[in-house]
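Each remark here refers to the structure printed beneath this line.
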Amino acid sequence: MDKAAALREMLATPQLTRLVGAHNGLTARLVELEGFQGVWASSLEVSASHAVPDANILTMTEYVDAARNMNDSVAIPVVVDADQGYGGVAQVARLVRMLEDAGIAGVAIEDKSFPKANSLLPGARQELVSIPEFRAKIMAARDAGRTGMAVIARTEALIAGRSVAEALERASAYVDAGADAILIHSRASTPVEIVQFVCQWRSAAPLVVVPTSYPSFTEEAIRRYPAIRMVIYANAVIRAIISSVRSALKEIGASGGIETISPRLVSLEEVFRLQGAAELAAWEDRYEREGARMTEPAPERTA
Amino acid sequence: MDKAAALREMLATPQLTRLVGAHNGLTARLVELEGFQGVWASSLEVSASHAVPDANILTMTEYVDAARNMNDSVAIPVVVDADQGYGGVAQVARLVRMLEDAGIAGVAIEDKSFPKANSLLPGARQELVSIPEFRAKIMAARDAGRTGMAVIARTEALIAGRSVAEALERASAYVDAGADAILIHSRASTPVEIVQFVCQWRSAAPLVVVPTSYPSFTEEAIRRYPAIRMVIYANAVIRAIISSVRSALKEIGASGGIETISPRLVSLEEVFRLQGAAELAAWEDRYEREGARMTEPAPERTA
Amino acid sequence: MDKAAALREMLATPQLTRLVGAHNGLTARLVELEGFQGVWASSLEVSASHAVPDANILTMTEYVDAARNMNDSVAIPVVVDADQGYGGVAQVARLVRMLEDAGIAGVAIEDKSFPKANSLLPGARQELVSIPEFRAKIMAARDAGRTGMAVIARTEALIAGRSVAEALERASAYVDAGADAILIHSRASTPVEIVQFVCQWRSAAPLVVVPTSYPSFTEEAIRRYPAIRMVIYANAVIRAIISSVRSALKEIGASGGIETISPRLVSLEEVFRLQGAAELAAWEDRYEREGARMTEPAPERTA
Amino acid sequence: MDKAAALREMLATPQLTRLVGAHNGLTARLVELEGFQGVWASSLEVSASHAVPDANILTMTEYVDAARNMNDSVAIPVVVDADQGYGGVAQVARLVRMLEDAGIAGVAIEDKSFPKANSLLPGARQELVSIPEFRAKIMAARDAGRTGMAVIARTEALIAGRSVAEALERASAYVDAGADAILIHSRASTPVEIVQFVCQWRSAAPLVVVPTSYPSFTEEAIRRYPAIRMVIYANAVIRAIISSVRSALKEIGASGGIETISPRLVSLEEVFRLQGAAELAAWEDRYEREGARMTEPAPERTA
């Protein structure tokens, strides 16, 4: 089964699927190795790892390069967090074709205007586009695809301070336009408005949640709402990284070396293992041997 | 003072300068914020972050993109670990020009053949090129430059199992060819052969060490050898990352959410701060206001 | 003198400067070799050479890659036709920094919305942004720069069907915001409205024209208007290419080979010459020799 | 049928297939529109269009970007001229996977060392790798593929001044290693040595010829040798371009404008047509309309 089909199956089955945000091949691979079912190629993580604001500073092709590297590093599906699609329907169509060529299983696009601000950035303006404008993008994304990549419509209605009713109206219109799932996002510190949304959701289309602001909404709680099929831990990885890198650097600086910190670092051997160094060396050796092993001259040549 | 000049000054002064390996804009910025004087754009870190072996799998232009992002994220000098220069003298010359356009302060090239294996990978073949061949590369690098980017010659003689005498002969020939500094690398678990090299080094050219295999060679010990002007902690960052990401993922998986791990993650606000989100928002607001503030019509127009 | 300074001098002196549109290193080099003073990195040529519409389908970074290649191939200034700057002020600021790193001498940005349609495409909607919004971009571009890259403000007022009076008002406001020159564009088949604009232009800021639609406005005619300092032949190169490639392909197809067409093709030797193949071979040989020529051991080593 | 299958069928059937070299989306599309069956993503054309020598100056990823653009612009198969594969077996394997992701139908790799010189460059050193080493690359390319992309082995034996017998020995060993076809290249000014090779070829594997140096070997002549299934006109396009661009620039320079040359240029409308501008505008309009056409509220929501 290909990755797009695997993702569609995850969205179709009642079990809750867990994705974790990553920003490069290594973090994607670590997500896979810890048993999560998919990778969220997070816009926040990718921009933060480049040390630029999450405000469409990186271009679409730069995001696709990051997504391609994540996908090439794992066997599980990758879902790309593609903001508003980096423009209008023409930009969305090119995006979809590039992501499919990269092997990506799903793309999430949101109903904000270009350029964007991060959804959880305090004080940022959050402008929504009209429902027809965003429906057009969903349709364009769906039609541009050739491989069954899932299109997840993300409504930022609650982020933009709109009502749960508007969020529901938008989500419903997006499903009608062909969205395979709805990602309902919220910046509230409790899951109250998310729960309101979920309880009023009447479509069969699956829901996706991102409990960054309301971490108390754990899987145990989420499982009470069968409409929610997917939970995304969108930025825990980069937040863990910042913490640990800082702490390691502080210790190196203070101790004047890596001797004291070494026990808390993974070994170089482990780095090599994660890179697949031994597999590559074995592959090279194998082809060196195979290349040298000529078959007997074919009869037609000696004839 | 530009970054290349800053790096040259670091190599010229007797104080020991400390660089730390990074692989993207974020880790480079963290290195700068913790007070280190420069960033080592590590080949191992960049390849590992892409989840590919450190064996010239990524192309030169991919490395340059990573280096450009690191440099754009910091005000301190970035030194690029450029393997053997990704080919011959023509490839080295293009590399140098691209790195200079990206604002890079220094480049390290090594006397191994293309494609390479990581210097510390157990069992890997480590093939050296001849002294004349590598001297040609150093000369080409030096001549291709226009901005004073430092060229650091890295000899892998000890890595390849050659004698300290050969390492000295090579290093000396490289200085003669125009290298601004010598990076002397070793895979021994103690600094014995490095110390032998340093004690026999008669040139005025500064030395650079990378105590990955021999972490007991702390700055306190290094400072006894004034010829060593720079120490590079080449891969501690990525090793700290792997450790912490794994541990965070395990806890998310086990606890079914991010609630329990949240206290150990930096806040989202801190992520935004590192991305420069508030500065960008202020910049946007400022230009919005300035754009609207028209001066009085110029007299010549109303005349 | 660097390229940005050379471009500024061209805009400052009364002589008419001629730029020609190109789309890659080769066409830029041909423009230089025929004696033109600058290269116009044309949005239409770059998109057409990629076989995609001139409608912001390619991303900013793809355009920068094309511009970098053009600039690396010539010693004359390159002016980049950067549409509306690919977004808002934040996108413009990154664009400016990337273009400067690439050595670009000037950038032209226009007062249309994102995504754009080509200015001369029949039936296309041409939406302008407000004057304050575009002034903000000019200011952002000017402030983001560090190397003196010229910022040329292109008003599409006439393209969008607005009056000459509005075009003048916009242009004046853009100069007030810091634009180094004004590109006044028109889709009329005669230069009448351009001439009206030029005759009413009261600022000292230089004007740039692009006589694609009104080819009768030759340099002889243009020279009557001293405010016009620069003329750009924006897309003649790609139009010549399409013609000639088609004709060559037809003949190859019809004759079943390249024998009959060969006399009309440049020789392979000429291709090699334009690529700088002999210079590279000489450079390689020189460094091979130099690398092998060791100096006598330095005195301090033998001491 | 996908493009790789289409290419394999072309190689399997007795009819002579004609490919033409291109270097970007536009020239690839022109090749298709004139009825040729495939596009040769020419190393010489791509490097020349970037104004750099054909000597592995551009990196593998830069070539893949060019190839992806060509493939995205046509419905016919694209065969990528990938030099020696840009390194060893590990580099070849990554190349193959990237080309397959880009939709490429076939790849040609040659038995020269890295970095290369153009095969027809006078005076250039042409170094061959050993047969086992190149066999290893063919095997690696074949095994790395997942989509049936054809692997064409190009022997440079005659280019390197070796005998026809050695060329036959190499070609046979490459077929034995899994090559789908053999490209036999020659720099002689007549097809004599090519004909000798073809007449002694005993394998069922198809042959490919590139009559750049010996243009008298037209299709009429080639068809006498049924083992030759494909002829590639590798660099006629860029040679036609240089000729015509020069001539157009000279006339613009001399006449002081584009008025006199305009009749020999294709119209802007034709440029727009080749870019697919009208299709894009229609696509955008269609989605704008579709986005606005909401279905009746789904019954489950109103229930």
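Just so it is clear, A, B, C and D label the chains in written order, and each chain counts residues from 1 on its own.
Basically, a contact is a pair of C-beta atoms (placed from the backbone, for glycine too) under 8 Å apart; a residue touches a chain by one contact, two chains touch by 3 or more.
Given the structure is predicted, the values throughout are model-derived calculations rather than measurements.
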item	value
Pair with more cross-chain C-beta pairs in contact, given A-C and A-B	A-B
Repeated interface matching B-D, over half of the contact pairs identical, chosen among C-D, A-D or A-C	A-C
Between subunit C and subunit A, distance of the C-alpha-averaged centres to the nearest whole Å	37
Computed distance of Cα centres, subunit B from subunit A, in Å	29
Residues of subunit D engaged with two or more neighbouring chains	52-53, 55, 57, 72, 88, 90, 280
Arrangement of touching chains [line / ring / star / complete / other]	complete
Touching residues on subunit D, where the partner in the complex is subunit A	68, 72, 88-90, 93, 97, 101-103, 131-137, 139-140, 172-173, 176-177, 202-204, 280, 283-284, 287-288, 290-292, 294-295, 297-298, 300-301, 303
Parts of subunit C lying in touch with subunit D, wherever the complex brings them together	18, 20, 24-31, 33-36, 44, 47-55, 57, 69, 72-73, 117-118, 120-124, 211-212, 215-220, 233, 235-250, 252-253, 255-259, 261-262, 264-272, 274-277, 280-281
Complex interface listing, subunit A residues touching subunit C	52-53, 55-57, 59-62, 86-88, 90-91, 94, 114-115
